[in-house]
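For reference, the structures are reproduced in the following blocks.
You will see subunit A twice below: alongside subunit B first, and alongside subunit C after that.
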Partner chain A sequence: MMLTVFLQQTLNGIILGCIYALIALGLSLIFGILETANFAHGEFYMIGAFIGFFSTSLLGLPFFISILVAMAGMGLLGAVIERVVFRPIVGKPLINSMLLSFGLSTALANLALFLFKPDPRKIESGLSEFHFDVCGIFMTAERLSILVLCVVLVCLLSWFIQYTKTGKSMRAIAQDRTAAELAGINVRRIYSVTFAISGALAAAAGTMVGAMFYVQPDMGLAVTLKSFIIITLGGIGQIKGVIFAAILIGLVESLGGGFISYAYKDAYPFILMLLLFILKPEGLAGGGK
Partner chain B sequence: MFLKVQDLCAGYGRIQALHNVSIEAEKGSIVTLIGSNGAGKSTFMMCLSGVLRPTSGTIEFDGRFIHGLHPEKIVAAGLSQCPEGRRVWPKMTVKENLEMGGISVKDPGVVSERLDMAFSNFPILAERRNQLAGSLSGGEQQMLAIARALMSGPKLLLLDEPSLGLAPIIVEKVVEIIKKIRDGGTTVILVEQNAFMALSIADYAYVLETGHVVLSGKGSDLLKDDSVRKSYLGV
Partner chain C sequence: MNKTAKLGIISAAAVLFLILPHLFTMDYYLHIFVMSEIYAVLAMSLALIVGFSGQVSMGHAAFYGVGAYVSAILSTRLGMSFWVNFWISGLAAGLISYLTGRLVLRLRGHVLAITTAFFCVLVNVIMVNWIPVTNGPMGIVGIPRPTPINLFGLKIAFETRMHYYYLGLLFVVASAWFLYRITTSRLGDNLIGVRENEELAKSLGIDTMKNKVFAFTVGGAFAGLAGSFYAHYILFISPVTFTIGESINVLVMVIFGGMSTLLGPVFGAILLSILPEFLRMAGALRLIIYGVSLICFIIWLPQGVWGSLKNWWINKKNSDSAAG
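Entry: the complex of A and B
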């Protein structure tokens, strides 16, 4: 019985961790390339979830198409927000972007509260009825397909950053922005693309969470904070480190929720972070930026 | 005139680093700027590349005004810079560094042609093409930085302190490369603290002190000038 609970919670934790990875990778991209801390990242995730919700409920689109719609919509909005809000403070000290994005976060969350009301809503994927049991471990088709989609998106992102011209430009800017400008890279275009990718990944995650749990205007803040923990543990700009840290946080949250108390599930990642800062201050990947 | 800079002023915040700097360069020549630390040489170069906005003055390059353009537009217009301190991307391979240098070139055929040319001009880079740039020696990184700046096919190449921190034998090699670039038809603006090296190869030279041009003339004439010999050549 204990073993079954353990395996079940481990599986749930891995799925949750994969979703966190999508969110944290986007945050890490923005931090690494624009040297900007985006505290409104959780609101990108929330807005993406609402786009996903309305595209299934109002437009009646299938779940996976809705994820794509949410990604496209939030990607576009992300690029607009970069241009209007963040572009003017690029290159300024970090405190500027921290304050600005915190304000943006509050504004977006309250705007959503005003427009959509605080009631939790669920995205109907139509896949949660199909499920299977293996040795008492329960898995729905919805969760399985979410897991697969997360893996596909992370692989696509890694490929994009490693091999495409735009991806290489992103890496060049992260390593030396002036050298990138001197080489003829259109830095402003890359900034827009980075925000678009980051917004799209957060939106995909939001829609997935909206199907597994709920969509609410205040769902962003906790996710923003967890994402910052993840990129702190994993190392900024380190894709593998971030994925590893995200899964670790997912597991801690899920196992803590299953074995200690579900009520404190949001506290476990922070406790883990404090412990790691005390015991392993160099970070999990050792070094980073 | 191929490059004509007039009354250029620039600075950082309230500190003015350049005061009415006027400089010209003829096509196919090597023009050098010498001066001590903090004279404004790198500031001048960053203004030419569009990374720093001049507060006043004009920059005319190849028949058009380029001050106020974004850096990538200036590279596309045919002006590229190999910056001080080399600034290669340490966590990218030699080949990736070079490919990124050619990002302003639309035709992929031209990029691969230039890549082949870079590898034949700098055999050491061909050997190390898949190594991370950060693992190269200082001299190799300088070669990479110059080769990267040439990938855009510039008509005017800005070289900022290419001899800095290099062993004398490598400096000689860099001098050969600069001459070769000039002979290939590319105009070169060379900023150097190694005044003897710079004046020996320059067609024309400017001396910069605290943001002002204080002296100019043929490279060979400045080599014989008493004040230059005292201040910059240590003789």
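Entry: the complex of A and C
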């Protein structure tokens, strides 16, 4: 019995971790390329979830098309936000971008609260009725397809960054902005593209969470903080590290919530981070540097 | 500005702050003034950490909360008086601040900011869930007012906001004096050295870690004192007051005023305690307007109101002397 619960929670943790990975990778991209801490990232995820919700409920589009709609919508909005809000402060001290994006986060979260009211909504994927049990472990078709989609998106992103021209430009800017500019890379275009990709990934994650749990205007902040922990643990710009840290956080939350105490669920990632600082102060990949 | 002008400004400000509650006697105004005083101390203490030693902390509300809870628990459970609790709260918050600082201050930049932010979340989660001690989300009610004191035959019972205003004023002035002494001492120079170039400061033999922990501890202790004052003023505390949003609110006050001075944060605290009151009529739109104003402010006045005014003044003086 205990073993089944353990396996079930592990599976839930991995799915949660994959979704966190999508969000954290976007945040990590923005951080690595613009050197900007985006505290409004969780709001991108929230807005994406609302776009997903309305495209299933109002337009009646199927779940997977809705994810694409949410990605496209939030991608576009991300590029606009970059142009209007973030571009004026590129190159300024970190604290400026932190407060700026916190203002953005407050504005967006409260705008959503004003427009959509605080009631939780659920995205109907139409896939949650199909489920199967393997040795007592419960899995819905919805969760399985979400898992697969996460893996596909992460692979696509890695391929994009590794092999396309835009992806190479992104890596060049992350390494040395001035040198990249000298080499003729259009830095501004890459900034917009980075925000668009990051927004699209967050929107995909938001829509998936909206199907598994709920869509609410205040769902963003906790996710923002968790994503920051993930990129701190995984290392900025380290795709593999971020994925690993995201799954670790997902597992810690899921297993800790299941076996220790659900009430303290939000504290586990922090305790994990503190423990790592105490046990391995210099050993975190990219952390603290 | 010569010395007489400076003295004139200071005494004018002193007179203004002393008679202020007699000019605006409505309870509502007095409440805003008392809250500005609490925020002034919070902002100054955070300025020591962020402005002087250059370590961005997003966990200030945690120490503020620790102070408030220690005071509330001591007074409601053990019936202890504010005059004792006040100091214990400061010590408790300072101790926690010291331990946290020892752990997290080896981190830098955004990692430090995030870690302190999560520390604030952790403290909040504990406040909500450690029900036997903190009474959870319901908060602690019935915190007593400070016991009456007898000041040269003048009995002060702390039953009106006016009394709190003057106590708060004393609190702000004493904190400002204490922090001013720190920032103008050798220690203050060391802190600025850490902010400007930590490696260089280290190579000059400054124990940067010790200095950073010192600033963090003192800042946290003052936040704890402010928390105690808050608890015995509002007489009710709950976890919703001490969230990360509050940390950021204080951080914005520090930046708004201009962070590497002590007067700037006080200025920011007063303005940002009063200005949002005008937004009350905006109702649901209030926080949207707040967020948008914050964005505009960071884009257009990145050095804070105080810093920008100072720059403008210096530029004006330079162009005047060039013209003349």
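Some notes on this structure:
Keep this in mind: the second predicted complex is superposed on the first by the 281 of 289 C-alpha atoms of A that agree within 3 Å, B and C clash if a C-alpha of one lies under 4 Å from a C-alpha of the other, contacts with A are read in each partner's own complex, and residues count from 1 in each chain.
Definition applied: a residue touches a chain if its C-beta (ideal position, glycine included) is under 8 Å from a C-beta of that chain, and two chains touch if they have at least 3 such contacts.
Because the structure is predicted, anything quoted here is derived from the model rather than measured.
Number of subunit A residues touched is higher for C, counting subunit B against subunit C. In the superposition on chain A, A:Ala267 contacts subunit C only, with no contact to subunit B. Of the two partner chains, neither subunit B nor subunit C is touched by A:Thr4. When the shared chain is aligned, subunit B comes close enough to touch A:Asp176, but subunit C does not.
Touch criterion met: A:Gly184 reaches subunit B, while subunit C stays clear of it. Residue contacts after overlaying the shared chain place A:Lys168 against subunit B, while subunit C stays out of touching range.
In the superposed model, A:Leu100 lies in contact with subunit C only, and not with subunit B. Per the touch definition, subunit B reaches subunit A in the complex via residues 49-51, 70-72, 75-76, 80-81, 83, 87-92, 96, 99-101, 103-104, 148-149, 152. Across the complex, subunit A meets subunit C through its residues 31, 37, 85, 88-89, 92, 94-96, 98-100, 102-111, 113-114, 221, 225, 228-229, 232, 261, 263-264, 266-267, 269-271, 273-274, 277-278, 281, 287-289.
Taken together, the subunit C residues at the contact with subunit A in this complex read 50, 56, 58, 103-104, 106-111, 113-115, 117-119, 121-122, 125-126, 128-129, 244-245, 248, 251-252, 255, 284-288, 290-295, 297-299, 302.
Against subunit B, in their complex, subunit A makes its touches with residues 165, 168-169, 171-172, 175-176, 178-188.
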